[in-house]
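Scrolling down, you'll hit the structures one after another.
In the two assemblies presented below, chain A is common to both, partnered first by chain B and then by chain C.
Coming up: the complex of A and B.
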């Protein structure tokens, strides 16, 4: 087990190196716009642009740029400085992480609280009108793009422009440490919007897993033991059906921590996703690179956590 | 309650029918079976797959109550009709007064819980005892079924057990609350031959020790030969022959039972005797053949047998032996004598044809 973990951690380093190289190739070698021109502004003379290019190191050969970039990351955990405002990329990402964690964490709670009970109930009440209704609703929720759903939700329910003013609107994010009530209020609508498709997906996944599990022999044994149907379903059925869901959950959390770009953009939440989105618009390469690497880091870590966690969830799994 | 009902059989099944409505038609899985089981007795229910032997027992436990199941008849267990109990009453009987073990012990144990935890759960489902006490009982049970080093085995997962040990653990779980009736559904089919004998011996020993009645469901007459007091042979959802084990082996009267006996090796057969398989396949439970359901496979079939459905009729000697066959008792006795002396079914058929002409 320990050897397995060490091997996975070494692989993580290799993967991150590959991701950073690929990201560097895409963004530096094939930039969408010349950062020096963007930075020089409207009155930028060719001399000024050349000066900026030299200052940013863009006049050096690619491999030198790459080496300089990687050296800073490996030696100093330094992701460089934004082309836009010369701010430290690592500090900027760190300062935006709480907003992304807030959004992700709350949404996870919401989608599990909604998705799992629906999945269990529709598996047990299979083929009833209730099952068909919830699964139909789930299909809709999965199909609705989050940016569309977010805009519709704002239009319908936000206090500034909404038809039925229920929730705080876009641009109202407050950090938890400053004002917990405002933090909760500002995130309620984003949580619901982000959670909608996940809740639907989890409900459908749990439903199909549970239907399969409930026909297993050990469920018959549980019933033959004289357990209550509630215990049969929850302790024996759901326990077995939920294992694959934990795997998916880990990966989803990893992906979202890397930045829920669409939701953060629609609701203008100053998180990592929004940061990346803005950086792309400005060809702010160090910021793009930094956010990509951060995202990759979370996804890879989530993968490892899920794989190791699986051994604890399913005693039959043993890594060697 | 038990004092008032001691004279009555422990389990009295009357005209039990279990039909399932499916897209292809009504599956008559069990089609009117009746039997009695006395306290402390062992009944072997023998038949091919699809003969309704498992479904009938699952129904007594209330485990076949699906939406599409139509169940009729009665199954009086210790004074209560199991078919009319509500869910909560059934729950209090299951695993408590009637326990069940199944064919494949690996898939029948929950893969994610330790064996000890599954035993404790079975105990606590019916007894309000603290966990420590239930664990002590679980330990006792594992020792009772002959699992070595039970203490360390409590903490093991089912996949860490061998096949025989798993079935022992299943039996321990079934015995947790000292049931009056143990239903063993193909308890040895998934096990190695040597382990089979051990498990059967264990069931026999525990029956004597605990005084419980046992129903053993199997496709293999050899399994019940030594363990059962009585045998019921099922075919196409019905009981075709019923009697004491000794009688069924010594003087079977149904052609299907003859077929089952002819297809198992015997030490007392003359050397070089071939095993005789039963030709054909089990019938479809949706479209049972007209007349005797066994007639398409029966070597002794007469034209009348294709139209008249035989009833289970007691042989008139007071032995409790009953047969559902349209051949006359005397004819059946003579055919069996021929078969015992080594005649092949096609030769023994002569007896039937001659007597039919005489009659």
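Coming up: the complex of A and C.
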């Protein structure tokens, strides 16, 4: 197992290097703006632009720029500074990470708490009105775009602009360390909105897996042994049916830690996703690179965790 | 709003306007012709225009206290007064620092002394400008133990502020344009400038290589003249990135407010500057504290402003918000005329090197439809020439009706006239029959829709159009501001300009003087280079007398229209919205709230 983890971690380094190279090349290959010109402003003289280009190292060959950038990351964990506002990229990402983790973590709890029970109930109450109702609701939730759902939720339920004032509205995010109660209050609605489509998807996925698993021979054997239906479903059925859920969950968490852009935008939660989105519009390469690398890091780590988790969930899986 | 990004989709304008009218499809408010150019119908709080919109001017019943809140989608770019070049940045700069001169909120044409103790003295030869400074203006810092805290502003601080603008670590975007005539500026890199001297602590003298004193005097309203004490700031300026910009809360503040905290992309808080002496300043500084939340969704913030308390917009509201306010809360929305938009056509390349083809294109263009793509008459008027109503020379160039060119007479376009000009150009059928032309446009709304109207006009004249649509910043920095690219482009559809200061020079010279054509960051996207017009501009820049100057620049504007240097189509009217309990005051020169004049009711 240890050798496996070490091997995966080494692969992670290789993957991150590939991701950084691709992001770097895409930035230069596509017709995005010239950072030196943007920094110089609309009246910047050619001499000023040349100076800025020199200061930013943009007058160096591409491979030198890339090497310099990667060297700073590897040796000093330095992601450079924003072309847009001179802010330190690492500090910016780190200061935004707690908001993204808060949003993702809470939403994961909500969607698992809603999605898994619904999936199980729908599977064991197959073709009943309850099944049809929950699956119909799930289809609706999956179909609703997060941005639209966020706006509707705010217009309906936020305390400042909502018709039924229940939750804190947009622009109200408070860090956990500053005010735990306000943190919880400000994230309740975003959690529900972000979790809605995930919960629906997980419910549908678990339902179909569980229906398939429940027709397996070993389930029939378990029943024949006289185990209670509850024990058969939860201990033998769900445990096997949940493996694909863990795979997807790992990826989803990784992706959301890289930034839940739409939810962060509509609720103005100062997370990494919004940071990346703004940077793309402004051709802010250091921020784009930094956020892409962080996103890739989380996705890869989540995959490793998922793979390790398999060994515990599924006795058939062993790593050597 | 307008960021020196377009006033216009705001990345195209000289200085950037914050993003405007996100996603604006036509607002269908054509019936609500804007009246923002008319004066208020009453004085004091709640003054409105004749159309019922908020006049947003100072009142006699404003009172001190409270916390004013702003919401914006956009973030600040540079809060260093030497680097600031964006509408939002200027809102903060002019509340926390003091320039030599500034514009009072309701008068965007007349600079008044701020740090200066009177109007600038321009020598008879127009090559020396002298400014006297007020006594008793002091710096405030967050760190009260700082050596500069409580120290008086001296002329040397203004000198250093200008000098550091040439320092690549500050990288001011306009100092080399408006102050290039200062002796030594052509080779300046941030060190001592021989052309700026301080005979005593309260006098600063600018010596120029050319007789451009009148233009330099006008430019002394810019943020680059805000004082920066060298003894304090030099250590920040030596770092890359510059810490005076990266950590604006460390600055020495001369204005009524200080930046207490700044979280890039998230928030900014202003508090009172304890060392600010109101006896030296006309600004009332009513609010005790100003809190700015960045990154807000524009659709949500529009509603929060409408139903909330103490909140105003920081950047331009969405089309839906404008419509909602204009129909249900007219007294909470105001409009400010600012800047101009025009379609650039390559005047050095066939077929548009032919004046008659350019006239045909101007005649074919449906500027009324283009106006609708931006939100209709509420957010701007169909332009008939280049100088907008907010600038001197507007009336001299023909006012609202324009200079009288027949090809701009019909705002909805005149196909028959267009065909007649095409015939004059040698296209006997009235249609172009040459090879396809290349047009650059933007790929986001509302500029995308504007490009579609331009394309339709070209196609109506027989042109086959190859349209390249790109993201706004790339539109300028990779294509329409790069001469090597412009040589391969026939039409740049989405150009706009917000003048840096209230003078026609700042509007016309950069866009249409042949001398402004430079390989990169070129702002003359039509590549228009007419010796007669260049000479007229050079001459107009030297004139000091306001009336004569306005007349000269008005004549330049007429010449530009006669030559179809580009096709003007829109004079922007920037909307701003506020909560009911806010007394809003617009700084007309910046088309944005003047934080030093705002108050809570």
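Just so it is clear, the second predicted complex is superposed on the first by the 314 of 320 C-alpha atoms of A that agree within 3 Å, B and C clash if a C-alpha of one lies under 4 Å from a C-alpha of the other, contacts with A are read in each partner's own complex, and residues count from 1 in each chain.
Convention: contacts are C-beta pairs under 8 Å (C-beta built on N, C-alpha and C of every residue); 3 or more make two chains touch, one makes a residue touch a chain.
Computed from a prediction, not measured in an experiment: that's the story for all the values here.
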Combined model on chain A: chain C and chain B, fit or clash: fit
Report for A:218: first if it touches chain B alone, second if chain C alone, otherwise both or neither. first
Which of the two partners, first being chain B and second being chain C, lies in contact with A:62: first, second, both, or neither? neither
Using the superposition on chain A described above, determine whether A:171 touches chain B (first), chain C (second), both, or neither. second
According to the stated criteria, A:226 is in contact with first (chain B), second (chain C), both, or neither; which is it? first
According to the stated criteria, A:240 is in contact with first (chain B), second (chain C), both, or neither; which is it? first
Looking at chain A, does chain C or chain B touch more of its residues? C
Distance in angstrom between the closest Cα atoms of chain C and chain B, superposition on A: 48
Residue overlap on chain A between the chain B contact set and the chain C contact set? none
Partner chain A, residues of chain C touching it in the complex: 4, 12-16, 71, 75-78, 85, 168-169, 171-174, 176-178, 189, 240-242, 245-246, 263-266, 293, 295-297, 299-301, 303-304, 307-308, 470-471, 473-474, 476-479, 481, 500, 510, 518-521, 523
Residue ranges of chain A touching chain C (in the complex, touch as defined): 31-34, 37-49, 51-52, 54-55, 81-82, 84-88, 92, 95, 151, 154-155, 160-161, 169-171, 265-268, 270, 274-275, 278, 281-283
Any idea which chain A residues touch chain B in the complex? 216-218, 220-229, 235-236, 239-240, 243, 313-316
Chain A touches which residues of chain B in the complex? 61, 63, 87, 91-96, 99-100, 102, 104, 107-113, 121-122, 125-126, 157, 159, 170, 173
